[in-house]
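To keep things simple, chains are lettered A, B and C as they appear, and every chain counts its residues starting from 1.
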Amino acid sequence: MSLGRRDFLGLAAASSVTLLAGKSLANEQQLPKECKDACAVLVDTAVCIGCRKCEWACNRQHNLSNQDMAAFDDKTIFKIQRRPDDKAYTVVNEFRDPSNPEKPYYTKVQCMHCLDPACVSACIVGALEKLPNGPVVYDAWKCIGCRYCIVACPFQIPAYEYDNALTPQVRKCTFCTERNLAEGNVPACVEACPNEALTFGTRDDLIGLAHARIKAYPDRYVDHVYGEHEVGGTSWMYLAPADFKNTELPELPPDRIPPNTENIQHAVFKWFVPPLALYGLLGLIMASKPDKENEQEAEK
Amino acid sequence: MISKKYMPAVAVVMVLLLSYLVSGSDISQRDSQGPKIDCQECHICDVPTGRRPCLKTCPRTAMVHQAVKHDLSEAPDSMLLDELVDEYQAVHFNHKLHAEMAEMGGDCVTCHHYSPKGHIPPCKECHGGEENPNNLNQPTLKGAYHRQCLSCHREWSHDTKCVVCHIPAAGTTIADHPPDSTDIMGISHPVITEPVKKVYHTPYEPGEIVTFQHKEHIDLFGFRCVDCHRKENCSYCHDIQRPATTSKTQEEVHAICNDCHIDDECSKCHDVKERPGFSHNTTGWPLNRYHNTLDCWACHPTGKRISKLSKMCASCHAGWSQENFKHAVTGLRLDEVHSEMDCSDCHTDNQYDEDPVCSDCHDDDRTAESAPPGMKIKHPGTQSSR
Amino acid sequence: MSAHEIPVPIKQQYFTPGVKVVFAVFLAGAVGVAYRFLYGLGAVTNLDNGYGWGIWIAIDVSCGVALAAGGFTTAAIAEIFHKEKYHVITRPALLTAMLGYTFVGFGVMIDIGRWYNIWHPMLPDMWQGNSALFEVGICVMTYVTVLYFEFFPIVIERFKSRVNLPAIIAVLNKPIDGILHIADKVLRKIGWVFIIAGVVLSFAHQSSLGTLMVLVPTKMHPLWYTHLSPLLFLISAIAVGFPMVVFESILASRSFKLKPEVPILASLARYTPFLLGLYLALKIGDLTIREVWPYVFEFSTESWLFMAELVLGVIVPMIILSIRKYRRTVGGLFTGATLVIGGVVLNRIDVFLVAYKPLYQTKAYFPSIWEILVTAGCISALILLYRAFVMIFPVISQPEDEVAGRMDDTSVKANFSKAR
C-alpha cells in the first residue's frame, strides 16, 4: 500500500502538470483492496436502546474493570457524556434530536478502525497497525509511549494509562481480534447486543445494507452512513435517526488524513535524493575556495 | 555569489513547495449507480414460492399491504418463549394483553409486520431459522424478539435489564430482581373512552374557544385513533421520566389540525363561544335517511375541500331514469294513475327538491302533503338509493 | 576587528549568587523528574486523553530543537561558506547545540511513557517511514551523535598530551593519550563529513518537526494548520540560529564579565532580517492563499497570540536588526535577538498547544506546576552544564594577548594555533 503511494508520489513530483488529475485517482485507488472485504460493523442508533450490554461485554472480554452486569444497568450515567478510556473501550451516550426531544437515542462509540488510520501513520515504531481484515491493533511491546497517536486520532479514541508509571499502554477497542474474527466469531459487543443494533459483516455488504435501510425507512434515518466516507472511510459505520451533528461523532471531511504528512515525508525523503542532493551541494560549496570577496565586505 | 549562497535553501524550498502541492486536498469523486429493480430486490432465491418466499428484509411498510385484519379471537392467549432455557426460565408472553393494546394503535401489524391471510407466521418462522443463516438483512430471533419487546417496554420504564422479562434459571449467576411495583407490566389497560367533543381555551384573543368535535371527526372522516394520536405510544402516558409539562410552539399545537385545515381562517375553529357540532341541515340540504348513513366522501369528491354539490339527483344518481326509478324510496309509493305519468308532469322543470306541482291537473288547491298521490310507507326498499 | 582571539577554558568561580538560584531551580526540576519516573505521567502532568502532548513536547523538545539551531547555522556559515571570522562563535554555538539536543533527548525520555523503549526507532523492523515523528526521532538521534563527534575535537584539544589520571588508573594515561592522538588525526580528516551531515540532518528534522501537526487537520486552528508548516519551521529555525548565538554570547559575556563580541555578532545579525523577511513573506502568502485572514482579526486568544508571534517576534526584530545603528549596540542586538527567540518559542507553543483543540475537552490544557518545574529544571541544568563546559573546555574565545597574560597553560594556546 505505502509502496504504491510512494511510487505515485515520485511521478507527481516529477510532473506537476498531471498533479491534480492524478491525485483524486490516487485517493480512490490506494486504499488496500482488502478493505472492501474486510470486517466491519454497522451501528444502527435507531435500533439501539441504550442498554449498555455492549459496554458490559467489552469490559468482560478485555478484563477492564470487572464490574458485574448490574453496574451497567445504571441509566443515570447518561446525564453526562462519557468518552472511551483505558478502563472502557466503548461507551454508550444518550442524545436527543432537537426536533423530537422526547425520544432519546443512543450512540455507542469506540475506535472507528479507519481504513487509512492517522494513528498508524503517526506511530513512530509501527506499534499500531491496520490489519488487512479490518482491525487497527496495538503492540505494546513496540510502543515507546510518545502519544502521537492520541494527538493524531480524528475521533479522539486512543486512551493512555497515565497512572501506570512503568508499563503504560495505549488502550482502545481491539475489534476483538483476539476472538479470531476470521473463524466466524464476532466482537463481544456485537454478540451481546440484544436488539442487534450492531451488525457485523464485510464492509461492502454493510454499506449496501445501510443504504437499503435508509431507502426502506426514509422516515427513520437521515440519509447519511457515517463512516462510509469520513476520513476516507472507517470500518465502524453508523446509521442515525437525526443529523449526526446531534451526536458526539465529529463532522469530518472525506479526505484521508495520513496523506497530509505522508506526501510531504515521501517527497522530501524520496529515495533520499533530496537530502543527498543537499549534502552534495553543501559539500561542493565547502570544497570551493574561501570567498575572499565576502570576507572583505563583512561589516566591521 | 548570492545564488550559490542560497542554493541549498532554494532547493529545499522547492522540494517542500512541491510536496505542499502534492498533499493539497481535494474530494475524490464517486460513481453513483442508479438502483436496479428486479426480483432479487426482495427475494434471495431464484424461484420464490408462496410457502417459501425467501424474502429479504423487506421494509415492513412494503409488506403491510399483504396484511389482513385478523380477529383477536384467532390469536393465542399466551405463549412461552423458551429458546434460552439453559440460562433463563421460559418467558411467559401474554399475547392477548399485547394484542388488546395493539388494537389501540396499529392493530396486529404493530408486531406482525407480515401477516397474510389465514396463517400468521410466528417470529421464528423467518427470523434466525436454519434456512437463512447469517442473513445481514434480517435480525436473528434474538434481535427480532428484543426489538419487538424492548422498543416499547423501555419507553416508559427506561429499564433494559435482562431480568425484567427473563427470570434467571436456577443455578445461574444472574442476579434476581424484585418486581417493580411501578411497572405496568401484566396489568390490563382500562378501556379508553372516546369523548364527543373537546373544548379548548386558547390564548388567541379574537376567539378563545375552540370546540373540537371529536366524535364527529371519527364518525364523519373515519379516522382511527393513531391517525391523530401519532406520538401517543405507551410512554406518552406511562413514561416515568416524562417531564410534567412540555410547552409546545404554536406550530406544534396546530400541526395535527393543519393536516387538513391548513388553508382555513382562524375563525374556522376559534370562536368566542362553544359551538354546536356540524349538522347537514345548516347547509340547506337536510340529509334524508339514505344520505344520512353515507360518509361524506360518498357524495363529496375525496381529497378535495368539501363544497356545495348540485342538488339534482342525477348529479350523483346518474343512472336514474323514468323507467328504473322506484318512487317508493322517497317514502311514497305512487298509485297507479300517478305512476303512469311523466316525472316532469308533477316535478316541473325537474326541480325534484321542491314540492311537486299538483295544480296543473287538480283545481282544488291540494298539495302532495294534503292528498298524497299514493301510499306513504314506513319501511321503504333499501337497495335502490345506494 | 579586534586582536586575534582564541578559545580557552574560563577560569572563574563556578558558583555565583545567580548560579545558586539556577541550581535551586534545577533541584526542584530533578524532584519533579524523580516523581514522574516513580509515579507516572498522570501523577505529575495535566495531560489526558484529549491533550496527549503538553509543554514537555512543546517547549522542551520542540523549542529545544529550534533554539539549538545556532549549532548548524554557525557551522554552515563558518565551515561550509568559509566565513572564517565567525570561527570565534562556532564553539559556543556547537556547545549549546550539543547540550540542547542532549536535553531534547532527555526531555523526550521524561515525556514518553515507555522511556526504556526510546531506542526502538533504531531497530530496522520498527522503522516507520510514514511517520514524521520517526523522521524527527531518527534525525535527532543521529544529529546528537554527530554533535558529539563535532565537539570531540575540543575535548581532544583540552586533554591531548595532558592526560593525567590519578592513582592506579594512571597507567591508562599513555594509551588514552595515544587514542586521543589518533582520534585527533582522523577527525581532522573527516570532520567535514560531520559538519555537512549536521546541516542536512538539521534541515530534515527541523522541517519534520513542523510536519508533525500537519497530521491533525481536524483539530488544528486554521491560523496554524498549513501544509507549509515544515517549511515555516525550517526557515524559522534557521532564522533563530544566529539570534540564539547573539543572545547566549551576550549573556555569557555578561556572566563572565567579558567584552561582548559586538562586531562579530552584529555582522551575524545582518542575515537575520532577510531570513525573517522570507519567513514573513511565506507566512503572509500562506495566510492569503488559505484565506484565513479573518481569523487574524477576530481578536480571540488565538488571534492575539498569532499577532504577537508575527509582530513582536518577526516584524519588530526585523526592523531593529536591519537598522545599523541599533544592530551595533549591545542593547539593540540583545533586544532584537530576544524578540526573535521569543517569537519562535511562542510559535512552537502556539502550534503544539494553542492551535490544538481536542474534540471533547471543555477546559484547555494548562501545565501543572510539576511540568513547569521540570521544564525549568531542564533549562537550568542546561545553563549549569554550559557553565561547567566553558570552564573545563576551550569554548569561549578571548583576545590572545589577554589570554597570554592570564593563562599559565600555554599549551592550550599552542594547540589552538596548530589547529588553525
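Convention: a contact is a pair of C-beta atoms (placed from the backbone, for glycine too) under 8 Å apart; a residue touches a chain by one contact, two chains touch by 3 or more.
The structure displayed is predicted, hence computed values, not measured ones.
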Chain whose Cα centroid lies nearest the overall Cα centroid: A
Taking each chain's C-alpha mean as its centre, the one farthest from chain A: B
Rounded Å distance between chain A and chain C, as computed from the means of their C-alpha atoms: 35
For chain B paired with chain C, centre-to-centre distance based on mean C-alpha positions, whole Å: 76
Approximate Å spacing (C-alpha centroids) for the pair chain A, chain B: 44
Per-residue overlap in chain C, given as positions that touch at least 2 other chains: 81, 199, 203, 207, 214, 227, 230
Two or more partner chains touched - positions in chain A: 253, 255, 260-262, 264, 268, 278, 282, 285, 291, 294
Residue list for chain B, restricted to those that touch at least two other chains: 8, 12, 16, 19-20, 23-24
Chain A residues touching chain C - in the complex, by the definition given at the top: 2, 81, 83, 85, 118, 120-127, 142-152, 154-156, 158-169, 248, 250, 252-253, 255, 257-258, 260-262, 264-266, 268-269, 275, 278-279, 282-283, 285-286, 289-291, 294-295, 298-300
Interface residues, chain B side, partner chain A - complex: 1, 4, 7-8, 11-12, 15-16, 18-30, 35, 57-59, 61-62, 136-137, 139-140, 142-143, 146-147, 150-151, 154-155, 158-162, 174-175, 231, 242, 246
Contacting residues of chain C [partner chain A, same complex]: 1, 37-43, 45, 47-50, 52-53, 76, 79-85, 108, 111-115, 117-118, 120-121, 123, 126-135, 137, 192, 195-197, 199-200, 203-204, 207-208, 211-219, 227, 230, 263, 266-267, 270, 356, 358-360
Contacting residues of chain A [partner chain B, same complex]: 9, 12-13, 16, 19-20, 23-24, 27-28, 47, 49-53, 68-70, 73, 75, 102-103, 193-196, 199, 201, 205-206, 209, 212, 215-217, 253-255, 259-264, 267-268, 274, 277-278, 281-282, 285, 291, 293-294
